[in-house]
Structure formats: structure tokens, C-alpha cells
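In what follows, chain A forms one complex with chain B and a second complex with chain C.
Now for the complex of A and B:
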């Protein structure tokens, strides 16, 4: 059985997901010792300007300028509204070159080897449902259910899947949900019409659990730790992170938080890119 | 040895706003659909439509006088169910419930007990209820967290003792509240609180409940225990109801199984539930 990590990097003219993918691929090799492939619309850029040797395969897709936009924060005081190209994750099953795939967002920074055990597990589909905000002061209910009245939240940030008929069904169902997104926004009482992979994956998991809470999706090892884009990644040395996390009720003020050996979803992509650039220089 | 008789008993007393007999008929219809061999009897002094009378194994008048003639919730007669149940083994249910699955294995579990009360209930999403919005008196007075909406007894010396105490507490609830309820004292006679007081008096919580077993239980639809972000007046204003031709019920996209305690009477008026069940019953 072949196994590897799969990343998706689609640049939007402002954020350099390809650079993030190269950075993450190196850490995946270091901590998990598995090859990484990337699905990207920036093949020439990767080959000409970045360290393309970190990738096992570079899988090309066409460049599109999608209408989807969202606000990206860089700490509590700065933000930009940018193109949000998140509609290609549904193709990960079809495009993955591996029998066993660890699908990751490029802003999920691997810092330990916990995900090695995914490949030893009997579970063919693993995602995070439970999560922990390292700031620990914010209301995290939006990550428990996909809306106030709706179904359990699953993070599409990290997905382990094997190529099985059940998982093919799972990804096909997600495609159907994406194709009929406005219907699912209504039926699942979502508060925004913006397409989100987390929501589509959560709805698919709920449906395949027989419209109940169930174990169609097994939990990934460990716990999903995250910082939002209101926080700032300040320093990263090996597996030691220093974050400035927003201070409750004091907009623009931060508290320093350090972690060690903990993989973390860093949603502030601007600060992540600053760290990557610093490392390269 | 003779087989013990068993069945469900409901107490239905209409008031000015709610037709509890109608609710009981719907409960009986749901039972026919999911547990066709399970008997159900109704205890009531109200009229039952002729076409629904044969839903019930027995129609029993409220024994002795109506102790709830001046009250809205009508729970003052609850303790009489022990004395008038026609069965050796009885499950007591609230009328505003639906039985959505085969519960025959629950009987097997319950036969290990002389009296059993549910201590855990669930949200429509299937999570165990942890909120104490409606249970302040229980939490703040260390009362056993029992739900009488679904409970069980077998005719026995212990069950008789339990219900004899329940009669005493219900008929003198203010005096017992003075002794046992120091904080968040309800201003009405709560059958759950009275049951909890009896449990303390008899020191029998472990004997009448099981904190490990997930079932028997029910889905409790009171709105402010659903893990929602803020308090709501009615759950029906918040989530949609979906019902298919096979009477599979979804609330807010969550498939419902077990026993549903819908709590809001307009649920059966506004949904297609009643007509679906009626159609099913008439077809048979």
C-alpha cells in the first residue's frame, strides 16, 4: 500500500499557499517520514522559484479566479478581503496518488509524529471533531456544531483516508453537497452562505452516520489545536512556537503563549508566511 | 410459573389548554407501530373518541377522588397509577411522548428492578443533557436527578412502599419542600421533586436507577437544555420537523429513535404526525 501526505496549494495573488506547502512538506518528511504530493495551479512557480524537490508528485490543476471571498485577519487590527479558493478539496480522493492519504491544509504545522499512527489504524477515515483553541478565552461553540441548531463539527483541515468504496462514497457525497450548497445552507441552518469544507465534510459525516451522531468517521490521534487569524505566530524554532494570542476585551493587545512539540493549525496565514520568509532568509 | 403481565400506563387529564387524551392516543398509535404486541392502558376521567378506544388495553377511571381537580398540571393523581395498573410490570410514561423504536429489550433490563427511574435524558442531537436550567432545585439541594416521565415498577412490597411514600409527599408537598428544598424551591407540586424526596427518605437511589446504562431514557425536548447558544421559548421555533411515510422522524436533521418527549403540544397539531399515524392505524 502506498502512503503519503497530500496538500492543496492555490495562490490568490496575496497569500502564497505554494510556499506554505513547501514549508509543510519539509516538516512532514522530518516528523512523519512520508512523501508529500501537492495539487496546485502554480506548477511553474513551484518549479522555478521554490524547492520543488520536497514533493513526490506535483499534480497540476487549472488556474481559476473564483468569486468566493472572505476576510483574512492578521491579528485583531488588520485584515484583507481576499479570494478564498477552497472548492477543490472534494477532488482529493480522485487525485491522490496514494492508497493511504493524509490530507492537510498548508497552514497546519506538523511538529510531532502522532499522525504516523493513522496509517497503522484500522479506521479508513479519520478526522478531528474535538478541538482546542490555544488562547482558551474565546467562545469555541462554532467548532462544536456547524451552527447553533445543527450537526457536529468536523475539521476538514486534516483528513486521513484510504481508497475504499466507502470513502469514495463519502467524497462523492461531499461533491453533491458542494454542488447543491444553497440547499444545504438552508436545510442545515447555516448562518452564512460561504462554502466551507468543514461544514460540507461535517454534513456528509452526519448523513453517513444515518443522520445521527455516530462513528462513520474515527477521530485522528491527538487533539486539534488551533489559533485563529486574530492571533499572531511570532516565532517558530523547530517544534517550539511562540504565539501572541488576542487578549479578551482588549482589542489590539496580546498575550504570549508558547507550545512545544504540538502540531498546530495556524489560521493567521500572513504571520505564518512571515515566519517562513524569515526562515528562508 | 405464570408469565407476568406487562404494559404501559398513562395518566391523561385534560385541562383548559391541552388535550392530554389526544396525546395519549397518539402515543398509543406510535406504540402500535413500533411495538405492536405491547399493551397500553389509559387512566382518565375524560372522554375518548370511540374510534380510538380500542387502542387501549384498558380504560381505567382515576381511582378515588380526583386529587387534581383544581390544578393545571394534574400530577396529584400520579401516585395512584401503582394501585390501578392492571399489569404486574408497568412502564409509566408522560402522554406527550412517542415511542419511535422497538423497546422490547428495555423490558428485559427493567425486570432487574422493582422500581426504576431514568436519570439521564438526551438532546435531539443525542447528547446527554448536562444543563440544569430546569433542574436548579435538584442541583442546589443535592436531590437525585430522576425523571418520572418514563419510569417502571413491578408490583412488590418495595414498590408499594415507594408509592405509599409518594402519596404522602405529593399530598403534603409544601411541608416536605420545607424540609428538603432549601434553595430554588418550586412554587408548585413537581412530581420529579416529590419522587426525589421519596428516594432520599428511603435512601434507595442506587436501587431504583442506573447511572451507567444509557437506556432506558428519552429525548427531552424542553428548549433550554438543547445546548443552544441562548434560551428559547419553544424548540419548534428553532428547528424543523421532517417526517417521512414510514414515520421516520427527524428534528433539525437528526434522526430520532427511542422515546421522544416532545413537550410542546402544537408539535402534534402542526406536524403531519397525527394524520400519518391515523392513516396507518385506519389502514390496519
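Now for the complex of A and C:
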């Protein structure tokens, strides 16, 4: 059985997902000791300007300029509206070169070896449903159910899957959901029509559980720890993170928080890129 | 600003940061209490240790089935070895938690709590 990590890096002119992928691939090698492949529309850029040797395979896809946009924050006071290219995750099953794949967002920073156990687990499909906001002051209900009266929320940030007929069915169902997104927005009472992988994966899990809560998807080891893009990654040394997290009711003020040895989803991609650039210089 | 209020706000910031760090340390401890065996995930609790210890003491050690965190039945061929592994993991995680907690509670400033300065 071949095993490895798979990343998707599609740059949008402002955020350098390819550079994030190189950074993460090195950490995956360090902590999990598995190869990493990347699906990207920036093959020449990676080969010419970045350390492409960190990748096992570079899987090319065509460049598209999608209409999807969203606001990206850099702390509480600064933001930019940018292209949001999130519609390729559905192809991960078809494009993964591995029998056992750990699919990760490039902003999920691996800092321990907890995911090694995914590959030993009996479960063929694993995702996070439980999560913990580092700041602990925000309303996290949106990460419990996909809408107020709807189904359980699963994070598509990290997905472990084996190539099995059931998982092929799962990913094909997600493709169908994406193709008919407006219908599912209505049926599942989503508050925004913006396509989100978390929602599409959650809806697919609900359908394959017989339209009920069930165990079609098993939990990944540990808990999904995250900071939002209103927090700032201030410092990263090995597996020690220092964040400035949003302070409740004081816009523009922050509380310092330190973590050690915990993998964290850093949604503020601007601050993540500053850290990566500092490390390179 | 009134000095008394200024001191109170400084202390309040310190307490918020201390509580955050305590919470994150507990999360780290809980992650360290996960033990993986034969494809199953076991969160090591005092209850698990007591139950497994009871079975080991009553000489029920071969091919014992335990349900894991996801209610999947996992066959444990050598329960005595499993017991040794989970207790090792428990003490290692707990000792690390204890050490880090004691360091944390000695820090007297926000900067020291987040490792930007040594008190």
C-alpha cells in the first residue's frame, strides 16, 4: 500500500499557496515521514523558484480565474477581497497517487506525529468534527452544524482516505453536490451560497449515513485546533507557535497565546506567509 | 488612569492569558493520552486503566476484546502488554502535564506566560 500526503496549491495573485505547500511538505516529512504530492496550476513557478525537491509528485492542472471571491482578513483591522479557488478538492480521490492519502489544506501546520496513526486505523475515511478555537472567545456554533437547523459539521481541512469503492462513491457524491450547489444550499438551509468544501463534505457524510447522524466518517486523531484570519501568527519556532488572538469586544486589540507541539489550522494566510518568508530570509 | 484601575487591568490581562495557556496545556495533555493499538484509538482514562488492570489481575490476558473510542471492537492479544503500554503513556503524559503546569503557574507576567521573556 502506498501512502502519502496530498496538497492543493492554486495561487490567486496575492496569496502564495505554492510557497505554503513547500513549507508544509517539509514539516510533513519531519513529523510524519511520508512523501507529499501537490496538485497545482503553478508547476513552472514551483520548479523555477521554490524547492520542488520536497515533492514526491507535482500534479499539474490548468489555470482558471474563478468568479468565487471572499474576504480574507489579516487580523481584525485589515482585509482584502480575493479570488477563492476551492473547487478542486473534489478531485483529490482521482488525482491522488497514493492508496492511502492524507489530504491537507496548505495552511494546516503539522507540528506532531498524531496523524501517523491514521494509516494504522481500521477506518477508511477520517475527518475532524470536533474542533477547538485557540482564542476561545468566539461563537463556534458554525463549526458544530452547517447551519442553525441543519446537519453535523465536518472539516474538509484534513481528510484521510483509502482508495476503496465506498470512498470513490463519497467523492463522486461530493462532485454531484458541487454541480448542484444551489439546490443543496436550499435543502440544507445554508446561510450563504458561497461553495464551501466543509459544507459539501458534511452534506455527503449526512447522505451516506442514510440521511442521519452516523459513523460513515470516523474522527481523525485529536481535535481540530484552529485560529481564524482575525488572529495573527506572530512567531513560529519548530513546533512552538505564538499567536495574537482577537480580544473580545476590543477590535484591534489582541491577547498573546502560545502553543507547543500541536498542529494548528492557521487561517490568516497573510501572517503565515510572513512567517514563511522570515524563515527563508 | 487611576493607578488602582491600571494595576487591575494589567492583572486582568495576565489572568486571561494564564487561563488561555492552562486550557491549551490541557488540550495538549488530552492529545497525549491517545493510544493507538491494532487500528483502534483508546483515550487513556483512569477507568480504562482500572478495568484493564482488573482483567490482568484476574488472569484474563489473552485475546480480550475492548471497544475503542469509536465503539469499534478491537482484539487485544496480550492484555498485560497493553496494560503496560497504557500506564506508561498515562504517566508520561501526566508527568509532562505536571511539569509544564508548574512552570506556567510560576510565570508572573503576560510576556513570560507566552515565552517571550523569562521571569
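We adopt the following convention: the second predicted complex is superposed on the first by the 281 of 281 C-alpha atoms of A that agree within 3 Å, B and C clash if a C-alpha of one lies under 4 Å from a C-alpha of the other, contacts with A are read in each partner's own complex, and residues count from 1 in each chain.
Just so it is clear, a contact is a pair of C-beta atoms (placed from the backbone, for glycine too) under 8 Å apart; a residue touches a chain by one contact, two chains touch by 3 or more.
Only a predicted model underlies this, so the values are computations on that prediction, with no experimental measurement involved.
> Chain A superposed: clash or fit between chain B and chain C?
After superposition on chain A, which the two structures share, chain B sits beside chain C with no clash.
> Any idea whether chain B or chain C touches more of chain A?
Between chain B and chain C, C touches the greater number of residues in chain A.
> Under the stated touch criterion, which partner chain does A:189 make contact with: chain B (first), chain C (second), both, or neither?
The answer is first: A:189 touches chain B but not chain C.
> On the A-aligned overlay, A:151 touches which partner chain: chain B = first, chain C = second, or both, or neither?
The first partner, chain B, only.
> Take the Cα centre of chain A as the vertex and report the angle out to the centres of chain B and chain C, nearest 10 degrees.
70
> Contacts for A:169 in the overlay, against chain B (first) and chain C (second): which applies, first, second, both or neither?
neither
> Scan A:211 for contacts with chain B and chain C and give back first, second, both or neither.
A:211 contacts chain B only, not chain C.
> May I ask you to decide whether A:257 touches chain B, chain C, both, or neither, giving the answer as first, second, both or neither?
A:257 contacts chain C only, not chain B.
> Given the touch rule stated above, what does A:77 touch, chain B (first), chain C (second), both, or neither?
neither
> Check the residue A:141 against both partner chains and state whether it touches chain B (first), chain C (second), both, or neither.
In the superposition, A:141 contacts chain B only.
> Could you state the shortest Cα distance, in Å, between chain B and chain C after the structures are superposed?
So the smallest C-alpha gap separating chain B from chain C comes to 15 Å.
> Chain B touches which residues of chain A in the complex?
141, 144-145, 148-152, 187-189, 206, 210-213
> Give every residue of chain C touching chain A within the complex, in rising order.
Within the complex, chain C contacts chain A at residues 13, 16-17, 20-21, 23-24, 27-28, 30-31, 34, 36, 39-41, 69-72, 110-111, 113-116.
> Per the contact definition, I'd like the list of chain A residues that touch chain C in the complex.
Residues 112, 114, 117, 120-123, 132, 134, 136, 215, 218-219, 221-223, 225, 240, 242, 245, 255-262.
> For a test of understanding, state which residues of chain B touch chain A in their complex under the given definition.
Those in contact with chain A are residues 125-127, 227-229, 238-240, 250, 252-255, 257.
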